[in-house]
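Once you've had a glance at the structure underneath, I'll fire off some questions.
Chain IDs A, B, C and D follow the sequence of writing; residue 1 opens each chain.
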């Protein structure tokens, strides 16, 4: 038996070392930085149900990096992106460890949603590597305060949900009884748990709270219950995959006249297409100033995207492309300001000093598809702005936020 | 028309049939006799392609059908009435007879009514499921199913097993009727009486080998047979 | 023989050592790989844990995720909410898994194949729903944070420490699993897979073993979950979802179902693969699944069989036999030794009480009356034969006597005791053993193990407890081994005891069945066509064997045969059945001379 | 009362799709004794096929309803012939796991081609067919899917039970030795069964596309109900499975309406368990098996 055992041992050892590659342990002042190049790490889901989210962020960042490199890089250094796929919490932790300890990247661009990012949060804190979160709204990346974790365009659920409530109730007559449709999985649950007390503070009455499961295809039961409760407004949290179908079905369930407000997870091209005429007038919030297909910066961005990646598949570039692209330029400015002292402490100091930074501040070619970012010694949330958005004539239209 | 040459069948180490050879002309009938474990069933099932042959060849009507699957061999006109009948218990008698038509590529199938004419008992039960038929009726259905394919060679494995004497005789009577149409028979039997009723020649098998050949009526007296049976 | 004990000791320790080895080797790697190896170690444990249930009991288990979840949540909640120390929490987690496994196993007594698979799927789904909906406790879909392990005041924060921790617990678990799989418990499970009737006849309670297999596997799945939780820091329902279960099911199948090594390999490699495939980015998942299908396609027996084929090896216990091989060759054809008197103490059966009385027994299946009002008496010490053409009802009568079929009417007395209604598996204790018309030996087991199961003592708790002793060749094992060897000696297979039963020729298999049947020193031996399909010389050996057993043990026998000469030579008395009724009885030669008997075979001539 | 009616209308649409999805699943199991976990993926392919024909190629609906199922069927037959047939010699487990992984592989393949969260195709008929008392709308879509899908499932049953095409599969399912003696070849019949099952999967996909939207998760969203419906209806009964699919949809809908969405999935699984306990053979038993 012993020889057999040895064989198995070696087999496994081999497997492990294969996936190890040769651990590159060459020491340098700052990891991931040479005179020629800066290595940027990123992780997120690019397969599985959330792939559309991770792919967007990855390609957006890549696009920005390519533009920066083709314009001479940063202080003579080119940027290189290493992206690690990660779906489950376990994989996310593996991915960030690989980036930091094996690939020795300079910093990590976090392109993963709730649980994925949360699983890595503790590791970020312990390792102290600079992290730029460009996708997740989770509070675990924001509280307790960590000097090395910056958040770009997406706001934390705390701020975001204040807007939710205002945006949702911002119609005349002001809704009093609202029906809630919320998914049972992580991300809508997070949104709903944060929004609930705020709605209550506004003295809103919940006519009914209906739940649905990830990937549900039929909402008859929930909608019938909602119809029975006769609400002034329906608030839905979740992804477009579910909410779009729910909105579509609401018409045949006699809810044609009841208005909808949906969480921003639903604001994608697919929504008006899938929900069809029922989508008209549905409102939500939006955390960048433009929507796909808008004139100006967005047009410029999308042209660049097509130029780089060819004709987009259905639904791309998605909003995560926009976040990744814009936020990468903010990051680039922080690096630029650090000059030749690219040590983490200095980078973080420079980063904190960014005020009202826009992509075009880095270079005129960049498209300002995101709101300006402002950081400070105790401020890690770059973007603070939110606008309303609603479906008009079969597409989403950004509404200037009337404060 | 059927030429079996040095046919062998083997399961693992167990040799069920060892180098069995025999020939059969059109319209002839041969009986294969012997007790259990003599290898009779293995022999015929390998001939019709249900069992894998480990050696030898089978020529039928000039074409070599060695190694062909049962579904093809039945199209050449060899039909088996297997020992365990292998009926479709959830099919009605009607359905069963229709199902067998698939085997008639190029030949016109025998109409169900002709089968019913042959076995009136089946006609009465035509709507009931095969699983609910009595042993005798099941045997008739198995034979009927085989006849639908308009075979030129009919192989009967243990026709009499578990059937009352009366039924057996009536079945034999019907079989004799169709013999006149020039149908050849291979009859696998333990029971010499039945063998004698259907076949002229016989092959006696013991432990996988043919130990005696000759006319059935001689077989009945013969000592060899007693030995083959009483080992 | 201490040398072999040592060898078996090593064989038992090897998988655990391998797991520990992998963990230790991992320490040399960087933190990322340490983390990955940690995950692999857990997967390895999962793979091994599934071997008894999926590999040996052949059950499609789709609740693996839920079971790990039970372990993970139970232990983590105890730690976070009640401040229970880790070890205690782990133990409770394991127990929770055991209980859940037991409950999930109960339906296994009734359901089979995909129905049973469906039941496990139901358990999986409901388990996840409960975790997700019980928000106050589990934190619902948003998941719950798990603190690092604290033991003896030391906090396992670093990757090294965690890796060692995982390694130790996984190795310990794998050790126990190996003992169960290689020991008597695993052997009986293999026996059941090989032949259910053949196991029942020797006192195996099928249902009990299925439930036990569930309990054992689920216990270790729960442990796997409990040690994984603090490693991934945040546990959520998705991490224990159906996909997890399906992947886990692939572990033993890809690795090789019937040995612990298979579980280890499958688990380790399938868990490592996605990490290794990172380079393929968007295509990783696709390639992963494709590879899995490919492995299944090209290596039906799993990786282990592949490795064995490459290494030209053939299964664990056959290695053990290599040493005996030479002896076997020389000794194979020697005549069996005479039965030593110390080996057999003739059973003092009161001659007055007949060994077997069958009184007016009838049984019909649907419209077919298999046997009608049969009466038969076999005096103690006699050899009684029963012949008749196909469908005469011999086997039905036989099954009624051995308890596999209930009669519609009538009584069956064994040594004076009414036996109708007593389960087949309890007949061995009444001193009744049988052989089977279609040999029902345990093909995957050695001859010795076949006969040792024949000794009875196959209560599920007995075998679980006895597994360590069995796997390590302890005193109990050696006691049973001696009895089994004696039985094999009698039938002349002693020298080949270490070979795989499935590799024997039919004749030897039939003698093996006899050895298995007599190992427990029964008083009545039921033989179902022992001579069918065997060659002449085999037949002679068999006949002598039966005579010796009868003479020297005064072992009573009932013998069904088609091979009439064999019966005639063996029997004291002979009965003839035809179409369900006993038509003749008496001294063999007289009986077969009777014309009515001959007519049954030849017809009226 | 009115409300119940409304709920039932919704359930009918989904139930019809479940029934059609499950019938293909059962055909394959009945004829080849294979539990096809990849069936959901075949349905998903059908849905994407619908999108490709309607939105990409701008072909009319009837093409989608005819061409797509045939293509999916051919693919299924191919899978049986190339991958599963050799595996069957190994053992049941390998085949089962193989179908599981095949399903996942197909989903991933699709995901690589279409990166969007959700695609959609317009309904064949839009608008309201009839407004029933109490603001209940019977949309043309509901009517079409409810009637159409069930009609297809029933048609499938007839083909399998009555026509010569089905008889071979049925015979093979009932007694494969006997079937060979009647001239049915095993590999051909198996491939045929998979083709037939694949066609039904493709149809289910085309029907499901408009109301359910199109994304890889459609596979998982429909394989489980198909499985459950199969248990309710009896794993080998086509009639049973149609009823089973509708019952399942009704129970799910009512549970979700009057308890919660958690109860929705829970209810369906509890239902499965009860059926396994009380009627393991399902609603309809087919063929009283007795061995003479």
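We take it that contacts are C-beta pairs under 8 Å (C-beta built on N, C-alpha and C of every residue); 3 or more make two chains touch, one makes a residue touch a chain.
Predicted model only: the values in this text are computed from it and were never measured.
Participant: Name whichever of B-D and B-C has more C-beta pairs touching across its two chains.
Facilitator: B-D
Participant: What whole-Å value do you get for the distance between chain B and chain C if each is reduced to the mean of its CA atoms?
Facilitator: About 40 Å separates the centre of chain B from that of chain C.
Participant: Please report how many Å separate the Cα centroid of chain B from that of chain D, as a whole number.
Facilitator: So the centre of chain B lies 42 Å away from the centre of chain D.
Participant: Report the inter-chain centroid distance for chain A and chain B in whole angstrom, where each centroid is the mean of the CA atoms.
Facilitator: Taking the average C-alpha coordinate of chain A and of chain B, the gap between them is 74 Å.
Participant: What whole-number Å value describes the gap between the mean CA coordinates of chain A and chain D?
Facilitator: 36
Participant: Mark out which residues of chain B touch at least two other chains, giving numbers and ranges.
Facilitator: 132, 134-135, 162 - these are the residues of chain B that touch more than one other chain.
Participant: Chain D: which residues touch two or more other chains?
Facilitator: In chain D, residues 108, 262, 265, 290, 292 touch at least two other chains, as defined above.
Participant: Among the residues of chain C, pick out those that touch two or more other chains and give their numbers.
Facilitator: Correct list: 132-133, 282, 285-286, 366, 368.
Participant: Which pairs of chains touch each other?
Facilitator: Every pair of chains in contact is listed here: A-C, A-D, B-C, B-D, C-D.
Participant: Which positions of chain C touch chain B when the two form their complex?
Facilitator: 366-368, 389-391, 505-506, 529, 532-533, 535-536, 562-566, 568, 579, 592, 599, 601-605
Participant: Could you pull out which chain A residues touch chain D in their complex?
Facilitator: 47-49, 51-52, 55, 184, 210-213, 215-218, 220-225, 227-228, 239-241, 244-245, 249, 251-254, 268-270, 273-274, 276, 313-316, 318
Participant: Mind pulling up the chain A residues that touch chain C in the complex?
Facilitator: These residues of chain A touch chain C: 1-2, 4-5, 7-9, 11-13, 15-20, 23, 25, 46-48, 51, 55, 83-85, 88-91, 93-95, 97-98, 100-102, 114-115, 118-119, 122, 184-186, 189-190, 193.
Participant: Residue numbers of chain B touching chain C in their complex, please.
Facilitator: 12-14, 16, 35-37, 132, 134-135, 158, 161-164, 190-194, 196, 207, 220, 229-231
Participant: Which of the residues in chain C end up touching chain A in this complex?
Facilitator: 7, 10-11, 14-15, 17-18, 21-22, 25-26, 29-33, 35-37, 39-40, 132-133, 140-143, 232-236, 238-239, 261, 264-265, 268-269, 272, 274-276, 278, 281-282, 284-286, 307, 311, 313, 316, 319
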